[in-house]
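Take a look at the structure below.
Chain nomenclature is as follows: A, B and C, assigned in order of appearance, with residue numbering initiated at 1 for each chain independently.
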Amino acid sequence: TPLGPASSLPPSFLLQCLEQVRKIRADGAVLQERLCATYKLCHPEELVLLGHSLGITQAPLSSCSSQALEVVDCLHQLHSGLVLYQGLLQALAGTSPEVASTLDLLHLDVADFAINIWQQMEDMGVAPTGKPTQGPMPTFTSAFQRRAGGVLVASNLQSFLEQAYRVLRYLA
Amino acid sequence: ECGRISLSHPIVRLGDPVTASCVIGQNCNHLDPESEILWKLESELQPGGKQQRLPDGTRKSTITLPHLNHTQAHLSCCLLWGNSLQIIDQVELQAGYPPPTPYNLSCLMNLTINSFICQWEPGPEPHLPTNFTLKSIKSRDNCQTQEEPIQECVPEAGQSRCAIQRKHLLLYQSLVIWVQAENALGTSQSPKLCFHPMDLVKLEPPTLEALDPSPEVAPAQPDCLWFRWESWKPSLFMEQKCELRYQPQLREASWALVAPLPSCTLHHKLCGLLPATAYTLQMRCIRWPLPGHWSDWSPSLELNTAER
Amino acid sequence: ECGRISLSHPIVRLGDPVTASCVIGQNCNHLDPESEILWKLESELQPGGKQQRLPDGTRKSTITLPHLNHTQAHLSCCLLWGNSLQIIDQVELQAGYPPPTPYNLSCLMNLTINSFICQWEPGPEPHLPTNFTLKSIKSRDNCQTQEEPIQECVPEAGQSRCAIQRKHLLLYQSLVIWVQAENALGTSQSPKLCFHPMDLVKLEPPTLEALDPSPEVAPAQPDCLWFRWESWKPSLFMEQKCELRYQPQLREASWALVAPLPSCTLHHKLCGLLPATAYTLQMRCIRWPLPGHWSDWSPSLELNTAER
């Protein structure tokens, strides 16, 4: 049910979302810098194979593309993606003391953003009946896998947020 | 056991009466059974004890102190033994006031330590051990509906401030928050406030930096200054607006204001100034258009305009 | 799991060889089965990997790095995928030395904080996480026979000193004490020392005070000075002897020593001095006749002898 681009979304909600995306991207950049500086794992492209074997996937935002924008479906996908990244960040807990605090902050900010989206969908009466689950999470069997997982999740999250920022910018 | 005091209330309002009774047991047998039970408050004997012999042979004295004006005092039950006054039992009396209502509750979100810091005025001294607790509940639609409570924040002893950790907070959701005070004589609550933690971010001031104007430009424009600024790094994710104030370092000079300005710029030219004059510049920023607090004014930047 | 590195030893002596093997599992199925397994140390490719196909279809490469000269380095097992080098697994190699023998162990009993503080020299850097522990055993007859051990004292990270709390100590019994160092490549121990904690009390200096000589006495004795002293209060329970040193404030003056002196006196007269001269006085004390350490010299007391 395509609604007018931004008719149903209050401006303060959109401004808050844009701010939250910028905050999470800043947290994510700090995590990437720390993983690179501490473990010399600076290039996600050299960990793609490992990512496949660990089952680290990208969250889809197909309903948010400017060509086929469905605001309600886009909010659903945005929320589900954030829930997926919340789970991935939680699975990465215990990576190492150097990145622990950054990981916690990132996880809290992603959770905050997911709740903000969910409550807006509830206020609009378009929230799905049950809250989406995180689905199967990767299990990391070595310190290296957890660190490499951190690099991959941070990189996927940045591109996910880039797409989200573009659509929120368009809606605002 | 030789004797035991029991109190109506160990803690009363300052000036209220206190009633105590002291029962002297049989096993104080080496005592003169007729000797009077005496009361002392701190070191002063207190008249007015009513003594009676109980059916089981024990003796009981009851006394009412009409007004307890000490915030703390020791009440002793004594017996005369030979010519020395023997303390049989002693209790501590406390007097004070119910907790006053805490007021002036105010909070700030500190992005550096990622905590939500609230402080309040405790009100007049109640003279009794009083516990303050910062309570808060997550809520929605501007605090009309309340959801689950947040873990209580207990300040350090004697402090009237408390920091709620980031992990207990939802930065972009409404929060109902208040202070509760409690002591032996009652509890009281401050008025309840409602806000989004993120709307109470206190920004640190922006940083100003002089720009060396390219040599050929400067003499041509003696009424201009070049500089740049950047708002506080941890707040760069926030859309902000800033204000500049400047004044010549002359007697009775007043501040001129330039607003609104963007949160950062690599190159800014300020003209319409007096040539060959020293100027003081300061800036401050605020989260905008979303709600926020003005930062303090930045440290001054001293710049001189060129000769004509 | 796609691939896994296993190491002969994750921690070796600096310069020693390291052997590693990497097994690539079947489930890296979307891979070209013939692609070569490559090794990287930090970011440099390492030749010399020997590859073999195992009966269960998995592939294994083994490599020996002749000399590991990095104290810390990441060893990666990689595969070529398309034209990008993919990291399949990575381990951290560490190299260093067994722990050096700690030396110069010395201890003092601090009566102010009631702790027995020992410090030592850790010796050259072993480049590996190394734990130092201060170990001690209560004993008798000058440490010939050893009784039960005292709780180990673990210094704060990076510190070469540790304080054993009073409750673990028998101040007047012999104590065998030494430092143990331990890391992945071994352990080492400092020489063992034996003493009574109380014999190692470090006294704070005594306090000197000028005495105003009664007016009629002073002019009559221009070669004398009057003062008093008291040794450090917390050590008054100890029998002590003290020493006084004094010198006129003249060029090339040298210290004169007066010893032994009692640990305190209310009134002391020092004569045989130059009249009308400024003198500097200092004192120190030591537990005596029981063993002890000299305190530092006290701060100077400046006094002037009268005119002739």
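The rule is simple: a contact is a pair of C-beta atoms (placed from the backbone, for glycine too) under 8 Å apart; a residue touches a chain by one contact, two chains touch by 3 or more.
This is a predicted model, so every value here is computed, not measured.
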item	value
Central subunit by CA centre of mass proxy	B
Longest centre-to-centre distance from chain A, chain (CA-based)	C
Chain B-chain C separation of Cα centroids, rounded to whole Å	43
Centroid spacing, where centroids are CA-atom means, of chain A and chain B in whole angstrom	38
Rounded Å distance between chain A and chain C, as computed from the means of their C-alpha atoms	49
Interface hub residues of chain A, defined as touching at least two other chains	none
Contacts with two or more other chains, residues of chain C listed in rising order	none
Interface residues, chain A side, partner chain B - complex	12, 15-16, 18-20, 22-23, 25-26, 104-105, 108-109, 112-113, 115-116, 119
Partner chain A, residues of chain B touching it in the complex	114, 140, 166-167, 170-173, 198, 236-239, 289-290
Partner chain A, residues of chain C touching it in the complex	1-2, 4, 27-28, 30-31, 42-43, 74, 78-79, 81, 84-91
Chain C-facing residues of chain A, complex	39-41, 45-50, 52-53, 141-142, 144, 148
